[in-house]
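Paired with chain B in one complex and with chain C in the other, chain A is shared by the two complexes that follow.
Coming up: the complex of A and B.
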């Protein structure tokens, strides 16, 4: 059987809208919300560790190491199935909420390291100048250090957004109807035809992530020269 | 959380643990082979192997691992290539992580100082000798930390294989959840198991790194081997 006999263009075109729909509604939304959560939480983690907040700093270190070394699918299972059954504090959450939470917290642990590198790349003179000008600590961070730190690590942050984007299909395991789930269980399973929809899902990922990756490489080069 | 009933499940979980470790190790070996082949191919001067390698790398890095796994599992049989799930898992993971690894190999080879290349040319070594005797021994210690990150990523992705019907740890924990419940016992336990596995793999890679460095006359303090160093930012998997 050749490729052309196996590939049914009508079937592919018929189901493309469903795939794109799931892509926009779940894959993209999960990536955007997860990235925002990761960006905020990661910054918080990085600052807590940098300022060495008593008690909190070692706790954050342990959480970061543990979360980074354990699989997202199991974390999803735990949050989606385990958390609601914890007596007293547990309540039911939707699969999508669990997915965004897990992706956000997981990547926050990577972001924390990225921010740390960024903060360390800000020259010591900047901190000293802040002290000399008696700028309040809050404004040291807000106006002087973070703008420079984040600018330096933007490409790394962007690369992690792309990684997270490619890991959104992991939400399949708790039944979020994102694109790959739709392709395999709904369309593929019903028609017992997987070739077109799985290939299309791959192409959609490629079409979105490859230009983004190239853009990040360009940004990296520009910042490198700046 | 009442009766854990875990005793009856221990054998299943051990079998699942074996499958997880087995797939991780086989896929890691496949990934290293793919990484070296592609990593060296993208550096050659000939346009054909270079272009092919570049296309493979971007294809596997640009799409999602789960899509690749399903593609190998559901689509390849349509073209007459039918493999058992274990082979599919090793193929898909090997190619995916091999594509990321190829960039590591390429970067590490490029990082060997130019004088080493010039020196081996001056000594009239053939290109193969130059690579094997001079360049690779010096670039391998540079590859190991990023390879370690990839290995941990690989281990962390293996729960996906239960979606192509392999009975790994994740499969049995899902079964356990369905029949016994106790979600707050089984999933934290599983997270701890994976953490221990990650740490074990990391220790192993530290030993390899220390040995590679020692061979180059850069001995490593034994204490450093046991230090837990999480995935380092600049080496963590990039796109």
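Coming up: the complex of A and C.
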């Protein structure tokens, strides 16, 4: 076995469908579900902190600091292997569920900061106009503040989606068969050929995230000029 | 135009013979940190009366409007609106600090137009005008739209229902803001330097609109403005402020042509010189 292998195109093409399959089934699904969870939970976190909900606000602060100060693989290990063993509250969850939960909560903590910035970018006069019209807090948020806040930070939110997408290979540590796991342990491990499949996996990531990043930059410019 | 009876500031104890005032300030104190903006302030505004507050910046005029709109919290004293305490609610036979729900109830009687318009940029012109009637007054969308269009027509914007505020001139935006405030059918309308942010050529249009509203409605108005001609035309009473105190007050003819106090003379002189 040589360290430097020449590129075997047949081998690459033969395994491309497997990679794409894993990409769609796990990488994309984890990113989409994780992003939705992060978007909803992050917004909740941001509002709880902004309104200073008693009890909940300090809890959110602790969660955010904890999550942002620990690496994703540790969080994955904890949720997948540690959580089910906790007496009384623990139960078994699938690796994919654990993965989506961890990615979602992890990014919710970053989203919360982005939302916070967005909420602060809404001029004070908008809140005052709501008060002057006696609009109840619920509608102030729903109809006036959040539409403006989210619009302002849409590019940042999008960039975090791309960032999460690129961190899905961490799900490897709890055995989710996402694309990189398939490339390295299944195809590569079986054939003792890694170059083609790992390169392909990298290219697939690039092909998805580069256009997305460009789109976000364009969006940013458009919103900036609006 | 109905001429409301002259109100007497300072003599605020006991109901006046003519009935409840629409607005009553009673020993009002407002501080921002260590800075006292209003102190021991008493005045009444009768229903339908239009009062202009004049005075140098920092004299507390805008703070009075913001206290009424509950955009600033009261430090001391009492404010009454249409016989109800604004910042306090009755509990048994005592007055306790108002909660948010109570505040919302009382402030429904009051509308405000801001210097910076503060329209909702994420909504169309018509939505800006119908949002609060639908969410707060519980009107149906159809009803709110009909009333909204009527109001927008009145302010001269019948062609702009579907436009967004960013597509309008400052003058048009302020007209929408006036329509938005009127859509809530307030008893009291607060106008806070509503032409100060406008290009000079757009000022007259907005002022004429307000003149027209003043002539055709009986809404009580509190006006902060530096447009002295407008103040003279629409107000029943002018109050001159300095350092959080009423220097003098009276009918506009008197205040603008023959004021008693040197402070008022100096202020009017400076304002008129400026033009």
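In the analysis below, the second predicted complex is superposed on the first by the 221 of 226 C-alpha atoms of A that agree within 3 Å, B and C clash if a C-alpha of one lies under 4 Å from a C-alpha of the other, contacts with A are read in each partner's own complex, and residues count from 1 in each chain.
Just so we're on the same page, a residue touches a chain if its C-beta (ideal position, glycine included) is under 8 Å from a C-beta of that chain, and two chains touch if they have at least 3 such contacts.
This structure is a prediction, so every number in the text was calculated from the model and none was measured.
Of the two partner chains, chain B is the only one touched by A:86; chain C is not. Once chain A of one complex is fitted onto chain A of the other, the partner contacts of A:99 are absent, as it touches neither chain B nor chain C.
In the superposition on chain A, A:42 makes contact with neither chain B nor chain C. When the two complexes are overlaid on their common chain A, residue A:162 makes contact with chain B while staying clear of chain C. Within the superposed three-chain model, A:71 lies in touch with chain B and out of touch with chain C [touch as defined at top].
Of the two partner chains placed by the overlay, only chain C lies in contact with A:144; chain B stays clear of it.
Note: no residue of chain A belongs to the chain B contact set and to the chain C contact set alike, using the contact criterion stated above. Taken in their complex, chain A has these residues touching chain C: 123, 125-126, 128-129, 131-136, 139, 143-144, 147-148, 151, 226. Within the complex formed with chain A, the residues of chain B that make contact are 58-59, 61-68, 70-71, 74-75, 78-80, 152, 155-160, 163, 170, 173-174, 177, 181, 183-184, 187-188, 190-191, 194-195, 198-199, 228, 230-234, 236-239. Residues of chain C that touch chain A in their complex: 69-71, 104, 107-108, 110-112, 114, 116, 118-123, 131-132, 135-136, 166, 180-181, 184. Within the complex formed with chain B, the chain A residues making contact are 1, 3, 6, 64-66, 68-75, 77-78, 81-82, 85-86, 110, 113-114, 116-117, 156, 159, 162-163, 166-170, 172-173, 180, 183-184, 188, 194-195, 198-199, 201-203, 205-206, 209-210, 212-213, 216.
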